[in-house]
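Below are two complexes that have chain A in common, paired first with chain B and then with chain C.
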Partner chain A sequence: MKVKTLKTLRYATMLVFVLAVIRQITGASDLTSVGTASAALLLSVPIFLAGLGGLFSERAGVVNIGLEGMMIMGAWAGGMIGYKHGPWLGLVAAVIFGGLGALLHAIATITFGVDHVVSGVAINIIAAGLVRYLSTILYKSGSWLGPSQSPDAQSISTNGLPVLSGGKYFGWKSPDFLNYVAEKHWFFISDAAAILRGITGDLSYVTVVAVILIPLSLFILWKTSFGLRLRSAGEAPIAAESLGVNVYLMKYAGVLISGALAGLGGGFLALVAANHYQENQVAGRGYIGLAALLFGNYRPGGILLGAGLFGFADALQLRDSASVHALILLIVFVLSVLVVRDLRKKNFKKAALTMVFAALSLWYFLAVKELPGQLVTMTPYIATLLIMSLASQRLRMPAADGIPYRRGGLR
Partner chain B sequence: MSVAVELRHISKRFPGVIANKDVSMSVETGTVHALVGENGAGKSTVMKILYGMQRPDGGEILVNGKSVHFKNPNDAIDASIGMVHQHFMLADNFTVLENIILGSEPKRGITIDFAAARKKVVEMAAQYGLDIDPDILVEELGVGARQRVEILKVLYRGARILIFDEPTAVLVPQEVDDLFNALEGLRAEGMAIIFISHKLDEVLRVADDVTVVRAGSTVAEVKSKDVTARQLAELMVGSELPQPTTHGDTRRPEITLALKDVSIPTKSGSRDLISHITFNLHAGEVVGIAGVEGNGQAELVEAIMGLRDYTGDIEFSGTNINELNVAHRRDLGIGLIPEDRQRQAMMMESPLWENRILGHQRGKPVMRGFVLDKKTTIADTRAIMAEFDVRAPGPTTLAAALSGGNQQKFIVGREMSKAPSLLVASHPTRGVDVGAQGAIWEELRRAREKGMAILLISADLEELIGMSDRLLVMLRGTITLEITDSTKTTPEQLGSAMTGAE
Partner chain C sequence: MKKFKLSNVILAIAAPVAAAVVSIVISSVAVLASHKSPKDAYTTMWEFGTTSASLMQMLNTATPYYIAAIAIAITFRAGLFNIGVEGQLRLGAMFGAYLGAMFVLPPVIHVIAIMIISMTVGGLWAAIAGYLKVKRGVSEVISTIMLNSLAGGLSSYLLATYFVDRTTDSNNMSTKMLPASAQIPDLMPLLNKLGVENQPGGGVYGMLIFAIVLGGIFWFVINRTRFGFELRASGSNPIAARVSGVNSKRMTFVALAVSGAVAGLAGLPAVLGDTHQFNMGFRTGIGFSAIAVALLGRNNPVGMGISALLFGFLEVSSRSLELIDIAPETYVIMQGSILLSSVIAYEVVRRYKITLQSKELAKAVEA
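Now for the complex of A and B:
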C-alpha cells in the first residue's frame, strides 16, 4: 500500500511538472490556476459519485445505465426540498430519490429478470419525463417560478485546510499559505501550490464527504464480509448461492447503494455546484460516471482519476478556451510517453500508430492559434473518448456482470 | 465404525419424470462409498436431495442416526455435509482464500479476519495433503488445483460427509491419482465420502462399498472387492451388456455411395488432408472407417456432406453430386450424426422441437409452405422421443437439460425420421451411457436390415469391428488397408494397422 501511495505521488508530481512546463511554453496561465483546480474538483465530484454508484451496482453484477436517471431524480429532489427545508435536507432527499430510481431498477432487473440495459434506459427516460411533469405541477401551483427551474436554495458553507489554504475555524481565520505561494509565480512550485490550494481550499463539506467515500468504499468492498459477498454476487452468483449467500439481497443492496450515490451526485449538482435545480442540469454526467467506472477498471481510485480528468477538461473549457489549445500540447506529451512505452515493449506497430497521432496533434497545435468554439465545448467529451480508448485494453469487469440471475441455478 | 448417512426409500418426481423411485443407501464413516448408475438413473438427484438442493417427496434421511429435513444447502452444511460439485463453483477473480471463506467469513469487529482464515486454510491444506497457495487468484489455477480449492471449501465448513459428483470427469490421469491420494487421506481422517461416477474401473480402485442405482431405484449394494467391472456394468444396465454385432449379410447389389479419387488439398501445398480416397458403399452395408483421430476422418465426412471443397468425384445412387450443396445432398437422402453433438448437432439453449428442425428446415413435417408448422413439429418431436426412447419431460425441454445419451438418441432419431438411404455416423456412441449405446446400435442394425448404407466412423474398436461389414483403415489421409470381413480381425490387429505398425 505504501509503495502504491509513493508511486501515485510520483506520477502526480510528474504531471504537475509537465503542466507547469506547458504553461510556461504556451503562456496559458489558467492551466494551473487556483480557479481551474477548484472548478475541476467541483465538476469532478458528481461524476465521481455516479461512477462510485456504478461500482457498487456492477460489482454486484447489475449493469447500471440508469445512473443518469437516478442523478436526474436526485438533482430534482435536491432542488425541490433544498429551497424549502435547507440544503442538507435537500441532499438527504436527493439520496432517497436516487434510491427510489434504483429500487425500480432493482425490481425490474433482479426480481423480474429484465435486461439490465433495457431497464436502465427506461429509467433514464422515465426520470427525465417524471421530473418535468412534477416541476410543471409545482409551477402551476405557483410555488416555482418556471417549469424548468426551482427557486434558489441556501448554499452549503465551505471551508479550507487550516494554515495551508484558509478557511475559518471557530471564529479564527486561518492564514492561506498555499495561495501566498501560488501568487509568487515561481516556476513549478507556484503551480503545485495553486493546484493544491484549488483542491483543498473553499471546499464544500459535501465534497469532503465525497472524498471520504473513497476509503470507505475500499474498506466496505474489500475488508468486510458484506463486501466479499456483494462482489461474489457479481463474480460467481451460483457459487455464492451454493455457499449460502443471499445473492438477491446482495444485488439489491448494490443497486440501492448505487442509486443513493448517484442521487447524491445529482443533489451535489443542484445544491453545491449551483444553488437550484435546473432542467438538463445532469447533462449526461451519469453516462460519463459510467465511463469513469470503466476507465478506473471497477476500482474507487481509478474512478476518481477518470472523474478528475473529465472535471479538469470541463473546467478548462468553461474558464478559458485559450488553455484548451494548450491542452493539445499535453496530449502530444502523453502520446509521446506512450510511444516510448510501446517501443520498450517492442510493440512497433502500435508505437508507429501512436506516433502518427502525436505528430498530427503537434501539427494541429502549431497550425491553429485558437480553437473553434464548438470544439472547445466538446473538449471534455473528446477527452473521455480518448481516455476510454486508451484505457479499455486492460479492462476486467466482474465476470457475471449484466447476466440475469435466477435463484436455483444449482439445479 | 458407525453409519454416517443413511438414505431410506427416497423418492422424487419432477413434472413428467420420476427421478427417484426408491433409493436407499447407507454410508459408514471412514469409507469411500461409490454411487454408480447410468446417466439419468437418478444419481445426481439423490445427491441433490442429500445436499438440500431439492426436497424428497418421500423417504427418510438420517445423518449420524438422526432424521433430518434439509430446506437448503445451508442446512446440509450445518449437518456437516459438503458437496464438491462437478462444475466448479468458484469465482475466478477471487483469491483462493476468498473463495474458501465466502459465506462463512471469520470476523474481527466488522472486518474479515483474513489472517485467522489464512492460518486455518494453510493448516487444513497441510493436514489433508491438499497443496495450495491461498493468495493466488483462482483464474491462474489448473483444473486439479481448482478441485483442491473446492475440497478445502467444504472442509473449511466442517464437513465430515463429503459428496463428490463425478470428480474425475474433468481431470487428466495424473490429477486423478492426486485426487485419489487425497481421498485416501480424508478416509483415514474418518470422513465419510460419497463418490458418484460411472467410470467403473475408478470406482473399483477407490471405493470400499458400491451402491448401484437403476431407473431411480437401488438395485444392489456390494463390497467393491467382491465384484468385477463387468458385473457392476450389468447391474447398472439391468441386463447383459449390449454387444455391437450385426447378423447376416444384408448387402444389396446397388451402390449407394461411391467415392472416386477424392482428395482435399491444403492451400499451403503441404500434404493433402485426404488423398485419393476411393471406395464404394452398398445399400444395406456398414463400412467402418478406422483410424487414430486426426487422420482425415473428419475431412472425409465433410467432403461427403459437401461442407468442404474437394477434387475427384462423389456419386450418390449413381448420380454425381459434386455440384450439390449441403442442403441438396441432405434432400437426396444423406443423413449425418456429427462427431461433436453439442457443437455441431444441437442448439443447447433451445427446446427439443426447435432442435428437431435442424437439417430438416426445408420441408415437411417442419414446414407448411413458407411458414413453420410448430404444432406438427412438436407432435413429430414427441413421436421421435417415444420411438427412440429419449427420456425428457417433453418437446419443449431445453436440449441442455438432457443427458448426453438422451441427446444422442434424439439426434439419431432426428436423422432416421427422414429414412435417409445413406447415414454418415461419426462417433455415434461417444460419451453416452451403456443403455443409450445399446439402443443406438439397435437402431443402426435395424436401418441396415432395411437397406440403409451406413458409413461408421468411430474410435471404439469393438464397436467398429462388431457393427461394420467392411473396414477401411485411414492413416495420414489415405486408406492404407481394407479388411473385407471384419469378423476376421481383432481390436489389437486393427489398432496396430491404424498406427501404421506392421
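Now for the complex of A and C:
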C-alpha cells in the first residue's frame, strides 16, 4: 500500500512538472492556476460520487448505467428543495431522490431479473422525462421562473486548510501560505503550490464529506462483515447464499447506496458547483462517473484518480479555451512517451501508428491558434474516451457483475 | 413446429396488457398530481390524436424511431448495446445533406447516393466504438455515449464553420438546399387516392415505405441468413459461437458498424422528405426514444413497428393537453412507465413460462 502511495505521488509530481513545462511553453497560465485546480476539484466531486455509487452497486453485482438518471433526480430535488429550505436540506432531498431512482432499478433488476443495462437506460430516460414534467408543472404553478431552471438557493459555506490555504476557524483568520508561494511565479514550485492551494482552499463542506467517503467506503467494503457479504453477492452469489448471506438484501443495499451517492453527486452539481438546478446540468457526468469506476478498476482510490482526470478536463473546458489548446501538447507528450515505450518493446508497427497520431496532434496544435467553442466543450468526453482506451484492458470486474441472480440458481 | 396452445397466446399478450395497465395507472397518478382529471386527459388525447392530421404526424414521428430502433436491435441481437444512435443519425443526416447538395444525379440514384453517404458516416462513427471494444476492451455502452456528446459538438462546429450555406441570410444556420432530384416526394397523392384529404401541416414522409422495407430486410437477414445466425450466436453464447467457428470479435465490430450504418439513415426522413437541408432545428432525442422503442418491441420488426407508432401517437396527441391546461410533457411519463413496466412484465412472463415448462416436464416424466 505504501509503495503504491509513493508511486502515485511520483506520477503526480511528474504530471505537475509536465504541466508546468507546457504552461511555460504555451503561456496558457490557467493550466496550473489556483482557479483551475479549484474548479477541477469542484467538478471532480460529482463524478467521484457517481463513480463511488457505481462501486457499491457493481461490487454487489448490479451494473448501474442508471447513475446518470439518479444524478438527474438528485440535481432536480437539490434545486427544488434547496431554494426553499436551504442547501443542506436540498442535499438530503438529493440523496433521497437518487435513492428513489435506485429503488426502481433495484426492483427491476434484483426482484424481477431485468437486464441491468436495459433497466439502467430505462431509468435514465424516465428520470430525464420526469424532472422535465415536474419542472413544467412547477413553472406553470408560478413558483419557478422558467421550466428548465429552479430559483437560486443559498450557497454552502467554504473553508480552507489552516495555515496552508487560508480559511477561518472560530474567528481566527488563517494565513494563506500556498497562495503566497503560488503568486511568486517560480517555475514548477509555484505551479505545484497553486494546484495544492486550489484543492485545499475554499473547500465546500460537502467536498470534505466526499473526501471522508473514501476511507469510509474502503472501510465498509473491505473491513466489515457487511462489506464482505456485499462483495460476495457480486463475486459468487450462489456460494454466498449457501453460506447464509441474503444476496437479494445485499444487492438492494448496494444499489440503494449507489443511488444515494449518485443523488448526492447530482445535488452537488446543483447546489455547490452552481446555485440552482438547470436542465441538462448533469450532462453525461453519471456516465463519466461510470468510466471513472472502470478506470479505477473498482477501487475507491482509482475512482478518485479517474474522477480527478475527468474533472480537470471538464474544468479547463469551462474556464478557458487557451488551456484546452495547450492540453493538445500534453497529448503529444503522452503519445511520445508511448512511442518510446513501444520502441523499447520493439513493437515497431504500433510505435509508428502512435507516432502518426502524435505528429497529427502536434500539427493541429501548431496550425490552430485557438480552439472553437463547440470543440472545447467536447474536452471531457474526448478525455474520457482517450483515457478509457489507454487504460481499460487490465480490468478485474466482480465475477458475477451484470448477471441477473435468482435465488435457488434458477434462471 | 410449435403446437398451438391457448395458454401460449394468453402469455404472449399478458405482458403488453399488464404493462399498459400499469402505465395507465402511473400516468393517471401523474395527471391527478397536477389536480386534473385523467379521464379528460385521455379523451382529449384520443379525440385529437385520431384526426387525420394527427395520424399523419404520428407516422412522421414514428418513421425515424423505427429506423433507429432497427439499428439498436441489430446490436441487441449481437449481445451489444449501441446507445450512440443519436450521434450516428445526426452526423449521417448532416453529411448526407451537405455532400448531397454538392452534386446532381438522376432522381432515384441521387437519393441512393445520399443514403450511402449517410450510412458510411454513421457506420464509421459507430465503428470507432467497435474498434475500441474489440482492440482496447472499452465497453461500447460508455464509448457510444461519449461519441454521442462528441457528435453533438462536432456537428454544431462543422455546421457553423464549414457546412453552413452562406448564400442565404437566415438566422437558422443550415446547409445548402438539396436539388429536386434528392427530394423524396411525400405520400399525399397516394393517400388522396385512398380517400384521405389534404391536411394543413404537410403530408406523410415518403421514407415510411423505405422504413417498412427495411423492417423486412432486418427480419430476413437476422433470421434467415448465415450472417444473422452468426450475429445471434455471438450474442447469445459467445463461447459456443467461438467453438463453432464464429469470430465473435469480428462480429462485434461488424454488428456495431452495421448498426451505425442503419442509424445513419434515421435522420433522413425529415431531411429528404421535409426540410431538404440540415439545420440547427434538427430533431434531437430520436436515438434515445428509439432505445425505448426497440426494447418495447422486443427487437421484433412488427413489435418495433407497433411501439414506434405508439410512441408517435403519444407524442403527437399529448400536444392537445395544453388546451385543457395539462403539461404536454405528460407523454414522457407515459412512455417511460410503459417502457419500464413492459421490460419487467416480459421478464416476469418469461420466468413464469420456465416454471410452467418445468412443471409440465415433471408431469410428463411421472406419467
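Throughout what follows, the second predicted complex is superposed on the first by the 402 of 411 C-alpha atoms of A that agree within 3 Å, B and C clash if a C-alpha of one lies under 4 Å from a C-alpha of the other, contacts with A are read in each partner's own complex, and residues count from 1 in each chain.
Simple rule for what comes next: contacts are C-beta pairs under 8 Å (C-beta built on N, C-alpha and C of every residue); 3 or more make two chains touch, one makes a residue touch a chain.
Keep in mind it's a predicted model, so treat the numbers as computed, not measured.
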Could you say whether A:287 touches chain B, chain C, both of them, or neither, answering first, second, both or neither? second
Let me test your reading of the model: by the given contact rule, A:232 touches which partner, first (chain B), second (chain C), both or neither? first
Is A:224 touching anything from chain B or chain C once the two structures are fitted on A? First, second, both or neither. first
Mind working out whether A:243 is in touch with chain B, chain C, both or neither, as first, second, both or neither? first
Scan A:396 for contacts with chain B and chain C and give back first, second, both or neither. first
Could you tell me if A:94 is touching chain B, chain C, both of them or neither one (first, second, both, neither)? neither
State whether A:113 touches chain B only (first), chain C only (second), both chains, or neither. second
Report the partner of chain A that touches more of its residues: chain B or chain C. C
Taking the stated contact definition, name every residue in chain A that is touched by chain B in one complex and by chain C in the other, in rising order. 410-411
So, in the complex, the side of chain C touching chain A is made of residues 30, 33-34, 81, 83, 132, 136-139, 141-143, 145-147, 149-150, 153-154, 156-157, 160-161, 288-289, 291-292, 295, 325, 327, 329-330, 332-333, 335-337, 339-340, 343-344, 347-348, 351, 354
Chain A contacts chain B in the complex at 219, 223-225, 228-229, 231-232, 235-236, 238-240, 242-245, 396, 398-399, 410-411
Of chain B, residues touching chain A in the complex: 48, 53-54, 72-74, 77, 83, 85, 89-94, 98-99, 101-105, 107, 110-112, 153
Under the stated contact criterion, what part of chain A meets chain C in this complex? 65, 104, 107-108, 112-115, 117-119, 121-123, 125-126, 128-130, 132-133, 136-137, 140, 283-284, 287, 290-291, 294, 372, 374-375, 377-378, 381-382, 384-385, 388-390, 392-393, 395, 406, 410-411
